[in-house]
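Alright, structures below, take your time with them.
Two complexes come next, and they have one chain in common, subunit A, joined by subunit B in the first and subunit C in the second.
== the complex of A and B ==
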């Protein structure tokens, strides 16, 4: 009897924190943008917004797997740099090259991810250090390959995924190909997620990032079993595969600005700094770096929050805010249970 | 008391620093001079614009005469944009035309002031250079390094971007940044009604030839009664350029985009296309991708140029200096043509790469077009 009363009384109290604050933040930010810039609330404005954040969203999907296993990946940005530069130089404005360059770049992503995964899982090098080394190495490779100069050109066939919109549709009016890519990726990741969307939780204890408890069990990307280093390795590999894929789409200057991916070759290092901004914070926000939990729905909120937060002032006519602070906010949001 | 002295000292240093290196990027006299030069006459062969020069002033270089072979040293701000890639190819091909140049030493500063200052120090310390060519990364930061090089007794040739010292033998440059800004702004003003809205896109701050492009154009827009929607720095990044234009488009119409350099002009054009707007006036430069986009889409374009043939001229100036021959100076002002609709087709060459700059003055060189990535 007494127990029943207690449990009934406790329930409403528990309910409130169950709403992840990221949701509230996203709604508030989007409303704020719409108030300041009504065009954003229209379907075309929102579709363009999704188009621009699609690359970031996909990238953060890869980052999530790494962060969930207690690691961090600094080399995402330089993977993008290398693949964008490589694509541009190899393509050299030849429309027919797209078909072999995209698989090649995905392959480069896989190789980089495999090396990172092996170094972290088997050589036991902390992920920050291992991927920092990879980041510097890849930048060096990109620099040597290109001579530090913008070269080559991306043909329109290559940029199709990032740039083109299906026009004249009812209700949404335009549907960018990038958004289709985003939805497909989201669906794949969702499907690959552990049954029931259960998060990959790490056990407590600050030293125990290998001591992951359940999850991702028996999925091909590797689970969180701390006794099986191959699991983490799998997560790095996935992270890089996605980063590589993303880099490909991006290189098309693809998705308009897709997280600087579309930088084509004018800047010799497109993708620079993407290891911190913008891919990690959404992933981090989702995974919760200190004993947190992560699902792709968390991640989606994370990236939408971040994108909205950084975009709002631009849409309103102001200069971009200090992005680092927004990222910090996203990360801290993710840590709120 | 100590605090007062300290505060006074800090204040003094700050004030001193602000006056010590404060290049004037908005000089009406220079603006007027360049406007005149744009249409003025040039000396030298008309079919070789890289040898032409404005005015009659020459510098005596007999003191620098030296027997060949020479070591020509070049401190380069970077090859980090397509314009510089084309220019550097012009330069290396020009070096091949001069058998007296025994060694050509190139130091690439990769767009860093600090590295370029160190590069110049290294080149001077090496003691092998017979002449030093400098293309400064930024104006104020590189002035002391150039002064130091002059003080070492080496003949110094500065080209492209400038420094605030007259110590070099000559400073090779086209008419200048004001001229570029004028050419683009004239076109905008002629095609946009008074009260129209102009978005100004710039690469980066602090470089004299870019600052003056903007200040000249800004003054002209204000005088013509145009509204400047904003001035944004793109960092030469296509993706950033496109998103900036998209953001402005969401807030309202844009009647013209004025650009201080054309490398990202196609990205600006695509922002209009992808949002379903007609492309308004978008200024650019002589880069092939822009010229072709302009022709294909048919918007009201214009391509002021900052010709890459000046990279050839820098070598020619160095060679003439070491021969002890007179060179135009203290400024060697080259012609700075503008590509308009009437002459657009002359400058489009589908066989050259999209990032090639048409005004290279390189068509008469032995390795053209292969060395620039073109096909026969």
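== the complex of A and C ==
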């Protein structure tokens, strides 16, 4: 784009440090936490920590795809709400239901992601608005489905993925299933990242190519990995917090606690306000909320690209689609304009 | 700029862009009237009801006026919702029922708004942080500080101050007049001042604006200060209306995202440099009209929410789909 050419001549290009500052920040934060709370240095401490951040970590791994492609997804929070409600209503305490509920919820994620991607790519609605609309609609769908009140209960087979720890291991002593899921999905995301990310950043990428990739990114965000575990863990996490944490699992109590949760939040929305959260770790290079998780290296690595890529929604639309390769070049350089 | 482009023969597509929000507004109004007549509920077809419809979204309107400035400079402000909560709480806590404290409270809130906007603008323009992330961070900071000190309605505003929300000339509330005066002022600034044209220049192409000798950082900061000031005023209005402030009222109203949606529906391009205040006001009115249409039809509350999301997307797609510009 022309302004890039102009600005290159006008100002000396800034060299970014070789090491992403996020890594340093993560190390400093972890050290600070260990100093303040030695329990965190114990294997149990950080394993539990990883277990807690699993949902957000996977969610933000998915957000990375969309942000790299120049978009933004606000609808993740309400997608989580919908799948939490959906799976708890469908499960109705049947242990065998887990095996079809999880694929079904993944399917919902795929559908939502495809709709988001199509609206952004073909109707040319800015992704912020498209996913905002999706967020509002999905909240409404969740309310319609549940009738406005939480219902249903999750069997232990479902909650296994977020709740159970493999105990008595050497060195790390416990290994939560959630952390295994985090690593697995992190690996899938990392492995898939070149497919989703590189073409967007490649200097020669044409505009239509970029557009296709954006669709792809939305789809993979919605369907493949990130949201599903986000949901699953989100759900699981909710179950853990509300029922498990208080040591009682019986249905009535759980519902009472859910209701209380609802009262505290004025509306019963498990995923409420999380629409903006997953955007943060990629945006900040995965620093604060998810520091220390092993799967974030790609997120950190992508930080430079992100800074440029997230800048696109603001600046790209104003100009005619003159030089898409310039756009690709800018993103690939990851230069903060 | 508009005079020149209007006098030359313009392609039809751009004309359409320009009037899309007006078309949407007329369509929504016609739909409302047709529905009322069809359902035989002509009691809704009064001036009182029109004022009531407009009066329902004054907070959103005031916030959206500010948001228009932020979006016009190709930025965005997600911190307005928290700032609305903070302003409402500060208003009611400082006043605490004492009419003498009205002026100090309003000054304090406006100062708060100016400072928040200044920080937002500085972080975005000087530190070159992405506006989404910068203002999201600001939002979390404000919300965090606020929830640390307050967890429920705090303080109360004196009866004299409630006139701002409840007083009226005839049937028109002061607050409605205030909103339109504010919109008029914003229009004046954008249309007739140098700052206004700088906003369009910076939003259209920041580098070109800089090369043309505009201090782009100052323009971005100015736009953010105006945006935050409007959010602060919206908070003052909410405190006056609710008679007290609570730390969740901004987030509960989703004013951050709704104000962005309204601005975009009003035809302001999210990428900046194109759009205006009256489009935003049309967007605000469209939003309240949609709500009224649903109420007249007696749509279920949850279905209403689903339709609302769809309408936001369709309304923006209505003209975005025809544009050949790339989108984000």
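As a convention for this text, the second predicted complex is superposed on the first by the 190 of 337 C-alpha atoms of A that agree within 3 Å, B and C clash if a C-alpha of one lies under 4 Å from a C-alpha of the other, contacts with A are read in each partner's own complex, and residues count from 1 in each chain.
Methods note: a contact is a pair of C-beta atoms (placed from the backbone, for glycine too) under 8 Å apart; a residue touches a chain by one contact, two chains touch by 3 or more.
Worth saying up front: this structure is predicted, and the values here are computed from it rather than measured.
In the superposition on chain A, A:158 makes contact with neither subunit B nor subunit C.
Once the two complexes are overlaid on the shared chain, A:92 sits against subunit B while remaining clear of subunit C.
Judged by the touch definition given at the top, the superposed model places A:141 against subunit C, while subunit B stays out of reach. More residues of subunit A are touched by C (comparison of subunit B with subunit C). Residue contacts after overlaying the shared chain place A:37 against subunit B, while subunit C stays out of touching range.
Of the two partner chains placed around the shared chain by superposition, subunit C is the only one that A:133 touches, whereas subunit B remains out of contact.
Annotation: subunit A residues 148, 266, 314-315, 317 touch subunit B in one complex and subunit C in the other.
Partner subunit C is touched in their complex by these residues of subunit A: 2-4, 6-7, 10, 70-72, 74, 119-120, 122-130, 132-141, 143-144, 148, 207, 211, 266, 273, 276, 279-280, 283-284, 307, 310-321, 324, 336-337. The touching residues of subunit C, when paired with subunit A in their complex, are 74-76, 78, 128, 130-133, 136, 203-208, 210-211, 248, 251-252, 257, 260-261, 264, 269-274, 300-313, 316-317, 320-321, 323-328. By the touch rule above, subunit A contacts subunit B in their complex via residues 37, 39-40, 44-45, 48, 52, 92-93, 147-151, 153, 163, 165, 167, 174, 253, 256-258, 260-268, 270, 314-315, 317.
Residues 78-82, 84-85, 88, 108, 110, 235-240, 242-243, 246-247, 250-251, 263-264, 267, 270-271, 274-276, 289, 353-355 of subunit B are the ones touching subunit A in the complex.
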